[in-house]
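Single-structure report; data block below.
In this document, chain identifiers A, B, C and D correspond to the written order of the chains, with residue numbering beginning at 1 in each.
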């Protein structure tokens, strides 16, 4: 394998893995924008997406498209329920309390998933076969193309949603100034609910398309959340496009780092990036520095 | 006399601790209490950070591990004196906490939570990857037992006494801090950062200070752990352990010094008493954490206080009638 | 005429395109009670925040006693002698009334983590001084009876007084009061007026932002009127009351 | 007044802790396994196995007329909890021997306790460090990593392979394997052309495998635990790598192979004979025992038998043999195990000695190959 085809291979790997970070990062941003909460359970939504899909396709034996829709629906409802049951009832919670609550939520999701589906590693069939495609001496799986396509669809849909629909615009208004938003008649609490549902849904989609590639088990969430958060911060917290670019960037850096530096420190790369960003430019690559200082999170 | 009044609960506690070995010499029971003591020290520091400064660290296990590893390596491989190795361990944790704390706490809100989470994972990866230095995943075995001169802390009873003496010392110190000028400034952060700043409290600086202090407590706990178990592995810096420390603080009661003992004791003894939760333990942890912050944010200490106040009120009423 | 203790020159502050303060300049005489009034959204609270260092001005300078303090952190400004209260009574709800005031002594004392941890004699002496001083501040505002009560549990009127006591404890040279009469009844407002006068008599300069015109006209030596972040008028209560522009602003608001 | 009340209270609580001895005098054996937690894939079959044996023995009248009581403690795979569990078993339950713990780390944490209290401890964890140097009271039943490595290298020689790439997880198990692979390479004339590692939670190893693909390696040896082993298999086929893949003896449960699907076909691993019992010749001395264990386990728990449960089987059966022979004197049990020869277990035929507290050599391993989701003996 020549150096150039190695580089191509690392790039493919990085983009594949980076896409999942991007999706998790997007989920973080949606909730953060409308509530100022960093949802520690974000990674668990991805895990639930994968697990529910496995359950529906292999145990309930539903056809793929139906299972897909049902999975996204189920996880979305779980996300919404989490907001209604654990966050909605609180009156003026402090940031500390909110962090602990989403943390507790993530542990509960994880524990429940373990009880329901066991500790085994689960897998799903690839959408269109496992025959690798050769490209410049490197190989790429059809699933990778699916993943990139899904990411592109999600980004497009979100862009349309936030820019051209009333609800999306209302959500954006909330993120700029919740008090003002409520003054002009936007139901802020409903927006919060919606943001949890939406990011749970995105997480579920991520889980579904990734499980065939990377397998899934109950305790995948924490690491995914951490990497996704790195993407969100690197891209500038609250900045959707930033999260996607940063997610892909982190994926690629990880892949090249493992390939050319040392594979043992691979998981540390994203975290190191996070710490460096926090130290040097907390507003991220694409963020406005003022915003990160004014906003609580 | 004033001393007795100020410290009545502490004195009672000391008497209770001193009494226990007369009733049980069971090394198992004493070992549980040793762990409770070690966790209490770590959570006391974390409580300062969470309960008083309103910040959260999800990487305290990393400081615990830094303490354990530094002292473990220095004593087992370089034959360093215990006081020196312990001092180095705490000093290293302090320096690292400064480096992490300054950027994270400079920002408003809770960058610290994620920053410390990432830091904890990095330490975990580091301990696993640096095989020559830390033994990698296999950890370090045969760490010498704690000793002062020729006196070896080689039994559970001796270690029990050591840990709780250190705890009580720290408790007094921490209590002094909480009731002092700096402690009030610290508590004012929890009340209102704005007002604290208007009173001349350097909010960012104080947060860094208390974060560093809490890291030192955790490192000290780690040192004690290393020399009690005499074996350490990267597991000491596990994320789940950080979360458990947070849970102990929340259960015991944020902003209550006694909360750290209560929280540590409950979360150490309860699983032992119930033998095991089987696979439900994760779910139970999550529910305890969620239930606590939703329904009893002051933790059990505050809950007990409220209950006590209610009883007194009722008794008082009955007395009147 | 005594010297100006606090001077603001050409202060401008914008929030994302909206100008909250525009080229605002004024001076406050030492020992005076200086009111800042204006309709809602005129930029009064922003001005207080800029003066106390909570917000950095975009342009312009602020000087205290001829020393430029622009750009300094709020806690440093507090140390230099500008104390303040907040529009929505930011008390420390997790502490007792007395402890709230004791925090006020922060800048005037020095015990660090180390000396207080070991309760060194110096720290203990200082602690006693803090307590005594805090008690005397509580006495000044008439809250001595409530010293041991949890601050969160006292009524709003007392919370405002507590804020004043807390600010007094830091021995400010200038005290900024942000709507201290909001939520007070007539009786309490009258007592507040007396309190402010007694503070003035201690030689502390008072800057008060207030909507209660009766109170303002009653106690102020000078009044600054702003609207949309710009200075409209400045002068004695009598002059302000006669100023047609001011009347227009207020009538405009009502009409 | 108040303090004396507290004393009484304390005394009452503590009294509650003290266990009351039962009427029958059973032989008490302790077991510490990671029944729950991240290492439960080890602990669960281990617990099931010892419980199954306890039932079976007691149903057949116990040992020397006395019932066998196995007290299982869950370590959750945590060192601090294991320390407590072992102290509890030794000082409170007064067990005469302990089987477990499941993990190398937890075992190392309790080795000093077993030594101090002089209680025989038969670990179900693999690391060499547990028994090297020999500790008087500590034994282990899993085959040594070195023997697994030897078995792989022999197979490589057979296949005319002399350039290998190694991959390992950054866990205690992975690291121990990596050390042995490097140490023994020269002896078997192997050249290690790539040495890659990955974190235990890593979900993608294509980067490491891409590097390996670029080398002249003729085979890959992977040393890790679940789920990384499955990921390696999947990523390997994803990159179109055709050279043989050897897994470690941690690949001891057929369900790992099944998760990887068709990609697992042809993957080899050295393992105890348990996994391929059906393909063993009938004259194999282990066959009857293995078949029985496998059948019993699978009917009782409706799950695939694994070599991990087998390690616990060997450990508890050693103790049972010792109890039969010498009763429940701890020192005698220890001496008995140390001198035990020709003990047929699931892991192989054990021959212990004063210098060898594992008692197995490389013949304990069979080279197995995955074929259509099952293990067969590699030819």
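Assume a residue touches a chain if its C-beta (ideal position, glycine included) is under 8 Å from a C-beta of that chain, and two chains touch if they have at least 3 such contacts.
Computed from a predicted model, the values in this text were never measured in an experiment.
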Between A-B and A-D, more contacting C-beta pairs sit at A-B
Averaging C-alpha coordinates per chain, one finds the centres of subunit C and subunit D separated by a number of Å equal to 71
Distance in whole angstrom between the CA centres of subunit A and subunit C is 46
Cα centre of subunit A to Cα centre of subunit B, whole Å, reads 33
Expressed in whole Å, how far the mean CA point of subunit A lies from that of subunit D is 37
Two or more other chains are touched by the subunit C residues none
For subunit B, residue numbers touching 2 or more other chains are 125, 128-129, 279, 281
Among all residues of subunit D, those touching at least two other chains are 40, 170, 197, 199
Among line, ring, star, complete and other, the chain contact graph is other
The chain pairs that touch are A-B, A-D, B-C, B-D
Given the complex, residues on subunit A that touch subunit D span 1-3, 6, 9-10, 12-13, 16-17, 119-123, 130, 132, 134, 138-139, 141, 213-215, 217, 219-220, 223, 254-256, 258-259, 262-264, 266-267
In the complex, the residues of subunit B that touch subunit A are 50, 54-56, 58, 100, 103-104, 106-111, 113-115, 117-119, 121-122, 125-126, 128-129, 239, 243, 246, 250, 254, 279-287, 289-290, 293-294, 297
Seen from subunit A, its contact residues with subunit B in the complex are 36, 38, 86, 89-90, 94-97, 99-101, 103-108, 110-112, 114-115, 222, 226, 229-230, 233, 262, 264-265, 267-268, 271-272, 274-275, 278-279, 282, 292-297
In the complex, subunit D touches subunit B at residues 2-3, 6-7, 10-11, 14, 17-18, 35-36, 40, 73-74, 76, 78-81, 83-84, 87-88, 90-92, 104-105, 108-109, 111-112, 127, 129, 170-176, 197, 199
Interface with subunit B, subunit C side, in the complex: residues 52, 54, 73-76, 78-79, 83-84, 86, 90-95, 99, 102-107, 109, 111-113, 116-119, 123, 126-127, 130, 151, 163, 166-167, 170
